[in-house]
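Below is one structure, written out as structure tokens; comments come after it.
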Amino acid sequence: MTDRYFLLVLLSGVKQVIDLGGAKLRNRFMSASGCFGYGKEFAKVMDLNTLGAIVVKGLSLKPWPGNKGVRVAETPAGMLNAIGLENPGVDYFIDHYLPFLKAKDIPIVVNIVGHSLDEYIQVARRLEKTGVEALELNISCPNVKEGGIAFGTSPTKAFSVVKAVREQSTLPLWVKLSPNVTDIVEIACAVKDAGADALTLINTLTGMVIDITTGKPLLGNVTGGLSGPAIRPIAIRMVYQVATKVDLPIIGVGGISSLSDALEFFMAGASAVQVGAALFRDPLLLERLPKELEDYLKQRQLSIEEVIGLARRSV
Amino acid sequence: MTDRYFLLVLLSGVKQVIDLGGAKLRNRFMSASGCFGYGKEFAKVMDLNTLGAIVVKGLSLKPWPGNKGVRVAETPAGMLNAIGLENPGVDYFIDHYLPFLKAKDIPIVVNIVGHSLDEYIQVARRLEKTGVEALELNISCPNVKEGGIAFGTSPTKAFSVVKAVREQSTLPLWVKLSPNVTDIVEIACAVKDAGADALTLINTLTGMVIDITTGKPLLGNVTGGLSGPAIRPIAIRMVYQVATKVDLPIIGVGGISSLSDALEFFMAGASAVQVGAALFRDPLLLERLPKELEDYLKQRQLSIEEVIGLARRSV
Amino acid sequence: MNEYLLPVIEHKEIAPDIFSLYLKGNLKNYEPGQFVQVEVSESLEPFLRRPISICEIDKKGIRLVYRTKGRGTKLLANKLASRDQNNYGKTYLRIFGPLGHGFPIIGNKATLIGGGIGVPPLLGLAKKMWQQGMKITALLGFNTKENAILIDEFKNYAEVLIATLDGSLGHRGLVTELITDNATPVYACGPEALLRALERFNLTGYYSLERRMACGIGVCLGCNITVLTKDKKELRQRVCYDGPVFPLGFVKWGEAGD
Amino acid sequence: MNEYLLPVIEHKEIAPDIFSLYLKGNLKNYEPGQFVQVEVSESLEPFLRRPISICEIDKKGIRLVYRTKGRGTKLLANKLASRDQNNYGKTYLRIFGPLGHGFPIIGNKATLIGGGIGVPPLLGLAKKMWQQGMKITALLGFNTKENAILIDEFKNYAEVLIATLDGSLGHRGLVTELITDNATPVYACGPEALLRALERFNLTGYYSLERRMACGIGVCLGCNITVLTKDKKELRQRVCYDGPVFPLGFVKWGEAGD
């Protein structure tokens, strides 16, 4: 049956449609925010239409200059980044990048950031009726009004920002959680109660590297976000824990560098995945993955639904 | 001056003495608990007397069988363990391992675990007047009485267990913190207020691996503790944050596999370091490190005091 | 046990995905059945060493026979295969060992029972027993003729009987079907199913176990199993340090397997 | 730009810790000054690729000249050095490129100014300029004679002047001391100190920058710098994508350096 389904899809030329919290994806593989720019550069590297959706770099209300000094550092099987959410602002995105992406005919998910509750709301409003497929709320950034503590590390703050955006936006709302918390399930529950349609797990872990030749922190910002294969076991654990306790679709992200890695996320309970840092090592990875998954499923006569959450059902 | 000091030490044959929260160490390199057993096996591999101190595998009141199923899994630049604190109990240790270690004439630090507040106290009491140099309280294990939540993830619980042991023990008290928390500084402060003499940072991060060939979690215990180079950026960040805010000596641990890695910890503010998982890859590592540090300092005409905390002073 | 950095002097694919590797050198106090921890990569990923049994040690050097199962062994095989065969002395491999306890040799006859990649460590055992003048029967089981390894070498020391699942070589069926009434003492190495099957026969002897390992030297407790003593008491044992060889029949199965 | 898996056909240490590497193949649309992202290890540690300039492309293949600075380049050099020279075709290297924008060639004369490991990318530029019949002066600076590289090759295309810090070859002192009044336009590559020093002369031309990079293709913003436009407005630019070559004098220094 699975085979016949694939055959039909192939023959009909119809693109698969996957529902993820109200957003429609082409397949289950997306770029991770911040690792794919706004798509223009990658359009020269790969066929963007092989993506399930493109998730763009986080956008704030006004252009944001980001951090000074060194911004990326290699770490064992991973990297730190301290870009500091540099971006040209949501209006610039709408004017300069969105038309290009819309011409491409792929679902567009916009990652949004805010340094206050109000900023989140305004960015979300700007994106109403622009043709984007979903919003992905990055709640890992510091709330400048409340002393720089991230919205995503407190259940009540997370609840308030998600609820506020939920009330002001008609778009499917994905919320991307920070792993730098004692209890990810607690945050996930708060976010669900506030009206999120899906959860993206995980953002980067806070880390640091010291340049022993100078004795100084290597990154201009002192600390940065850890990503890449090194963090995958933590991401898998969080996806598994949240999938077990919270009834929302999950988008898994953190350290995927091959189909096997993606399968771990599906088996842990993710309905779709994003690929970030591994693209810097292997720029064509996202072009290969959808096909590799299809082949894997065909060979084993499996449907993806049987794979999603398998590890939870088999314990 | 530094050179002369080393010369004097070398000529006199007197062992260096380093004070770490009241405990006296021979140098600044120790085994990490759980990665060196109780010393007997490593005595066949290396000269134990090259260690600054030996930190033994966590001990509970009664023998503990640990977890079933697969207990170790490789991860990118690291590993997971789900040993489950298997140990023969503190009395067995005192009778069977301690005499051997005491004959070796190296400072002995005993890592202790408890599944209730009372168990911690009793283990600590058993170790009074046995000749051990310090206790290292592992507060990352689940509090079975209170539903399995780790003592180390709540400031109030951490405070209570440290205070209770502090009142019942005359030994220098190191407390080993869990990194699976939103705010490590908050926990560190609570632990200091409760009377800790030093902090060991960090224990493992909770992670998980799924065996995609079976679709099941690979570890019998489902989740395990992530260690090795992969977690070093997180450990460095936490040492740096705590050293900046809390006035207690810090023992750094997490992903050290070379002198450069250890130097990062010293520069972040650690006064001593422990080596864990890297010993499984490089069993002679701890024998080399003290000498390598000496050479490094001599070459640069530096004292270790100038190195400790350097990254904090230079920002 | 010790750390060695040894030149690779031979690396051959002796069956699909099975490689025979010779390192120049010798290991002090080697007993057949012991293993070494092999560093598969200079870089920190793969992170852990791989436990590989010592197949034999002779004048040429230390021989390991390994199967490329997952990422680590595949990287190792690729690295070694990309070297020029005539120039191997330039490539070094880091090993730590010998580790664990080998097979205790008792009496004047023995039956060696090996399955698949469990066959190699028995070769060194066969040679040592032969040197001691023992009468040895080797029962070797493989999936197919194509996967069969080391048969000619075993013939130097033992009477060899082969079983393959598909009958393409020797007896068609399981290697256990070759076991005779007077097989005791047996020395076995192979997949868990084979070892467990042996317990259903009326045999005494030894078997060698495999468990996932981190340290390989007895300190991490990653490889612990429960063993039943003769008076039926349960005892925790480390496969890497107290084993990998245990007396046949005393392992409590099913609690720490993959 | 594209992903290539190319056979290594030559790997030589041309000065202490500096290696010349030839890969069999060609890169479509290469401009001198562009670079490639090199995978230094099959394993996930080191994790990132290393940006290395294209030194030249000729019939033999693609030439990279690199210095072993840290862990990644050292692992790469060790790997390649352990291969038999006569058998290189078996070893492959993965590169992605060509990346960034090269040097715009204008006019009929030029002064190329290179310092240390900044010299190699200027060789391909010299060749291209020479092919276009331009008159080229190359001012090359090194620490000592021992570190001097590619001088004979430059002589094929340019008048070459050398400076060494210790005077062991050519002028004793800084390469900037060789700059003459009519040097414009200049094309420079080398340490930041050299590039900044050039701004104190009355020169126009281009310089090539280095920044720590993750993606190398313009998506991570890891390598961003601020550039001043002609009307003194600040503009954010990615060294990997908008550069690495920028018009001399327009970089705002000191905010994103190491």
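Letters A, B, C and D mark the chains as written, and numbering starts fresh at 1 in each.
Everything below uses one rule, namely that contacts are C-beta pairs under 8 Å (C-beta built on N, C-alpha and C of every residue); 3 or more make two chains touch, one makes a residue touch a chain.
A quick note: this is a predicted structure, and the numbers were derived from the prediction, not measured.
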{"item": "If a chain touches chain B and chain D alike, it appears here", "value": "A, C"}
{"item": "Chain pair with the higher count of C-beta pairs in contact (A-C, B-C)", "value": "B-C"}
{"item": "Euclidean distance of C-alpha centroids - chain A vs chain B, Å", "value": "35"}
{"item": "Interchain centroid distance [CA atoms averaged], chain A/chain C, Å", "value": "46"}
{"item": "Inter-chain centre distance, chain C versus chain D - centres from mean C-alpha coordinates, in Å", "value": "52"}
{"item": "Two or more partner chains touched - positions in chain D", "value": "44-46"}
{"item": "In chain A, residues with contacts to at least two other chains", "value": "75-78, 228-229"}
{"item": "Pairwise touch network: line, ring, star, complete, or other", "value": "complete"}
{"item": "Residues of chain B defined as touching chain C within the complex", "value": "34-37, 41-42, 44-45, 57, 65-66, 68-79, 81, 83, 86, 220, 228-229, 257, 277, 279-281, 283-284"}
{"item": "Touching residues on chain C, where the partner in the complex is chain A", "value": "44-45"}
{"item": "Residues on chain C engaged by chain D in the complex (per definition of touch)", "value": "41-46, 75, 78, 82-84, 86-87, 90-91"}
{"item": "In the complex with chain A, residue positions of chain D that touch it", "value": "1, 3, 39, 44-49, 72, 96, 212-224, 236, 241, 255-258"}
{"item": "In the complex with chain C, residue positions of chain A that touch it", "value": "76-77, 229"}
